[in-house]
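Chains here go by letter, A, B, C and D, matching the order in which they are written, and residues are numbered from 1 within each.
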């Protein structure tokens, strides 16, 4: 806080942005459960009703994993950020915006897959892919902003970390679009399977592509002595 | 915490008020998604059903941006506040109260615009404008309280910051009322467009009118050396 | 943290309990808005539909104010607490439990008052009074626990603060029961008015009865010089 | 933070994980109230409608207590954790995942017990037992990970604490399965009673079996002098 008085409103530490984002991620990941409902079946058919809701469970799992990965990404990014400016706040709000949308395509795809209309199922998959790709695009903008504003980063993070992260986000855009196209043109289930697999891919690389190899080496090393 | 024992209940640092407010903003901004629902259409019409829900998306975007701006305002204000007293807590709770109401007019206006009754649409727009203006009025009261209690502020913030901020809040009251009147008298869509534009205006000036010019100069300057 | 190793699980600082409680209060106060719905009226009757929902707005206001006061109480109490033990955690969870219930009687009373059955309205008022009184009873247990465990308090708070606070909580139990009895026996609206007034009474005394007179004297005094 | 640059993304302090988890627990415990609804009865029958919803109240109480115990467990565990790695983050996300599911079996069992179909009631109980056991299994995996990674723990916690905690989690798996089997084969109410009792058992031992005896001795001792 060595800056002049005008800094009060422009540059600031990231603690409130992080707390605000964490709360939003926590709420999104928890709201997803509201889509899991008591099946609307006649008395005596609860079991089959629960089983026939399997698309809701798969969609829930895909979206839960997606938000979990977004949170890990967010954590890895803000670990490297020294301070925030207004542009970064809006980039962050864009990421939060697209993440907050996720419960909507989740119920749409879950509902469509429980109905038996193939056209609707393809629309549902394409819609989920659209929002999934938008979320990756928001990350792309976020990483790009940081790659262009190294003065916001901690000194030890001013390497090419965020330059490389952009590739990871771009891959996400491409893969979600691909899942949508495949699900729309071939069969909805293909799209659904990709939605489940994509967060797994991002989970593995959540510490950043740039550090992926290095990370694997040190994950299990003993803790360094304190002090 | 140099004060006497009686300070325990009256003057206090702002950390809990900030954390509580952040959580409320995070929940409000996330609850908005609950209004985005699976369209109630016959099988095979999911796409057209999703498209015909466009008023819900516009209303969602307007309210999401509004809450985002409220959060940025709140952050800019509390960056300048040294300590809180009971009066400020209640002013803050008034801001939170009007913000927490926002999902209600959002579903009302979104629902009305999806029905095709012009009278209801005008009522919906006027209702959203009423709550939007009330939220700005709550900020007006909040800023006024701070302008009258400089002893609650950090030393470098005891300039005319909050005196000037009142103008920004007052402008918001006038503009939301204007949007409501125009939407009611002319056509609902005019009001809706203004609801979308107003948060954009506040986003640009979210660091405070008082610092608007200064801010623009320094936003891209290099980070000052640490220490 | 000067205690032995066994303290890790028994005595602990209160930061997580405070953060957890703040999040719960924030969610409860925000969930209340979910009861404000688009009125189910024929096209062209939105305005009268919104107006006829007035009991929902009054109930919302009463419960919002109640949770706001609970938060201020909680803040005033934990400002005086040095550390927590398991008993205090469960007392806190009891307060959170009764507060978390509040949205339930709120929709019950709001729904009953919008129907036109006098018996249901009296039941609704009595039910709200029951939960309101339970919440005060939870505070009574909480304050009693602290009055009996001064070793959990900060040194400057080991006066009779929590002894006296028990009176305030006990008054709340009595007043909510009274509102319920009056609303049940006389007319529901009497109960509703008391539900609105009670949080106002607690707001005024939220820094504690014990300090009420002292507080009024110092609220507007200038901030002491720092350092 | 004495580690090299690559630590930014792999090893990290636990503050964000704790804040994120607290927010999720707070939301889950609060969302449960959304299942308590205005009973759908004819005018004049509100009281009997509220009373006949008793299974919803019992299910609410069982799940509220369960989440409260999970929070206390989480607090006791993270009090002993020095730093987190990616594996621990995913173990934590697994615990959060199974906890976030809890509102779903809660409404299923509450709904089934309010209908009068014995087959559905048995399915509901078995389903709740399944998720309850999964949550204990997630804790088992979490404790097992910590027992195998003592380098993540604080020095004074590298005893056999987490080795022993695994037994507590394993007991939970067995007991929830048992409740499900008994409720399914004998009568649903037996299962429901066990669901209420199990959190009470875990509440008593929430500081850890390993320290149970020691804890009981010191709970009421006077606070050690500071400094």
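Everything below uses one rule, namely that a residue touches a chain if its C-beta (ideal position, glycine included) is under 8 Å from a C-beta of that chain, and two chains touch if they have at least 3 such contacts.
Just so it is clear, the model here is predicted, and its values are computed rather than measured.
Interface overlap for chain B and chain C, more than half of numbers shared or less than half: same or different?
Counting shared over all numbers used gives less than one half: different.
Roughly how far apart in rotation are chain C and chain D when fitted on CA atoms, stated in degrees to the nearest 5?
That pair's rotation angle lands at 90 degrees.
Which chain is most remote from chain A in terms of Cα centres?
The most distant chain relative to chain A turns out to be C.
Averaged over CA atoms, how far is the centre of chain B from the centre of chain C? Could you give it in whole Å?
26
In angstrom, rounded to a whole number, how far apart do the mean CA points of chain B and chain D lie?
36
Show the residues in chain A shared as contacts by 2 or more other chains, in ascending order.
19, 23, 27, 31, 34
Give the list of chain C residues in touch with chain D in this complex.
Going by the criterion above, the answer is residues 2-3, 5-6, 8-12, 16, 19-20, 23-24, 27-28, 31, 34, 82-83, 85-87, 89-90, 93, 96-97, 100-101, 103-104, 107-108, 111-112, 115-117, 119-120, 123-124, 127, 151-152.
Considering only the defined contacts, which chain D positions touch chain C in the complex?
Interface residues on the chain D side: 18-19, 22-23, 25-27, 29-34, 36-38, 43-47, 50, 64, 68, 71-72, 75-76, 79-80, 154, 156-157, 159, 203, 206-208, 211, 214-215, 218-219, 222-224, 226-227.
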